[in-house]
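Naming follows writing order (A, B, C and D), and every chain is counted from residue 1.
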Amino acid sequence: MKSLSCRPSAAGEMIILSHEPIDPLTLGGDFARDVEDAGAIASFTGIVRKDGRKEVSALFLDHASGLAEQEIGKALTEAKTRWPLIKVLIAHRVGRVETGQPVVFVATAAAHRRAAFEACDYLVDFLKTDAPFWKKQIGRSGEEWIEPRGEDYADRNRWR
Amino acid sequence: MKSLSCRPSAAGEMIILSHEPIDPLTLGGDFARDVEDAGAIASFTGIVRKDGRKEVSALFLDHASGLAEQEIGKALTEAKTRWPLIKVLIAHRVGRVETGQPVVFVATAAAHRRAAFEACDYLVDFLKTDAPFWKKQIGRSGEEWIEPRGEDYADRNRWR
Amino acid sequence: MLRITFYGRLAEVMGRERMTPAASAATVGALIENLANEDAEFKAALAGTRVRFAVNNMIAPETQKVKDGDEVAVLPPFSGG
Amino acid sequence: MLRITFYGRLAEVMGRERMTPAASAATVGALIENLANEDAEFKAALAGTRVRFAVNNMIAPETQKVKDGDEVAVLPPFSGG
């Protein structure tokens, strides 16, 4: 996978922003290979939906290069402050992502399951509302820039 | 993977109980291949921990064959009543599982992320306290049957 | 006859299964009480433990009646995942 | 000079970047207000939207002072994941 940006921002942290398709299997396999004495790995894959009558054929993802890596890095630091994480990975697509393809993959490893689950959940909420990405749905009736739904902000606010 | 028990108990449901190692990558890959218009896949892998000074070398998992599949099937039905799931998989090891090896893998697919996350979390809590499995730690100081910790019951009670 | 199966640490005490005459007890609870009275090691293993039961692969209360041919499972606290 | 970059739907209106003299405004807020006053389409695109800013890759309030060489990013509501 050729990545736009791929950095181990700190020990046990990895941020990948990629113009090319991301493969949760490969990423998840690499992630699980070296997780010290982790007892729990949680992961989340977000996939572009056709979304019924909207007939979405693709998303286009704009992002603020530099700022995105930095804000994600801050969220990883925050997550590691809140939960005892052994390892964490965020991979996010930029550019055009076809329907059915992964747009985001987040994986967390911890000794116990609550830390792994909650940190994964937290990071996905963060990406939806607080990371400098912008997505445009390309569908049957044209193109439309998407803003987070009220429930996305509500989900994010669970962590405040 | 040779499985002791592998049944698609209903459309979009799969329960695997296996004497052989389970491979979350293969299972996760197969799971993700046909998920209709899912926008979210959550997964959890539980791994046998060395657990510091306990120096656990393996778990031995006993289970009540027949009853286990049935109780897991009930939990899947309950999960599908609570959340709009497209697909769900539970794979659980039985027999001897070496340290560092997966003991359980749960995957859920839904249109949106909260359903996928919560159902996955719910099913892992269920397996810890309400499914007829019994685990024995084989460690430095001998063998010890494990019972759920207070926090496992507390986690399970979040869903009541 | 009834088939009684034991799991987890109870299987280490009692073996996986025992056969017993159906007439020996009317309910699951009475059946287990009889076994405990016959076997001090089993009685000790039950002490302080909340054991559950299944009859013919269905979770059942200890008041459940048992009859010839039933399969009774004796289940210590579950610990999966 | 200041470099101003636009993202998401604002990039479709303004292009990815514009250069402007640093002396044209004292703060991020004033800079954007000037641009909106010069460009009706940009003004319309901002209406009803909570736009955020970054200066030199750091999220910044609209009261932040700008100086020659700064890079100012104009960020509509984020929508990742």
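One rule holds in what follows: contacts are C-beta pairs under 8 Å (C-beta built on N, C-alpha and C of every residue); 3 or more make two chains touch, one makes a residue touch a chain.
Quick caveat: nothing in here was measured; it's all calculated off a predicted structure.
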Subunit B omitted: connectivity of the other chains: A, D | C
item: Gap in Å, rounded to a whole number, between the CA centres of subunit B and subunit A; value: 24
item: Chain centre separation (subunit A, subunit C; CA means) in Å; value: 49
item: Between subunit A and subunit D, centroid-to-centroid distance (C-alpha), Å; value: 26
item: Contacts with two or more other chains, residues of subunit C listed in rising order; value: none
item: Overlap residues in subunit B, where contacts from two or more other chains coincide; value: 46, 113, 124
item: Chain-chain contacts as defined at top; value: A-B, A-D, B-C
item: In the complex, subunit A residues that touch subunit D; value: 46, 61-64, 66-67, 70-71, 92, 103-104, 124, 127-136, 145-148
item: Sites on subunit A touched by subunit B in the complex; value: 24-25, 28-29, 32, 35, 37-52, 111, 113-114, 116-117, 120-121, 124, 151, 155
item: Subunit B-touching residues of subunit C, taken from the complex the two chains share; value: 5, 7-9, 11, 54, 57-59, 73, 75-81
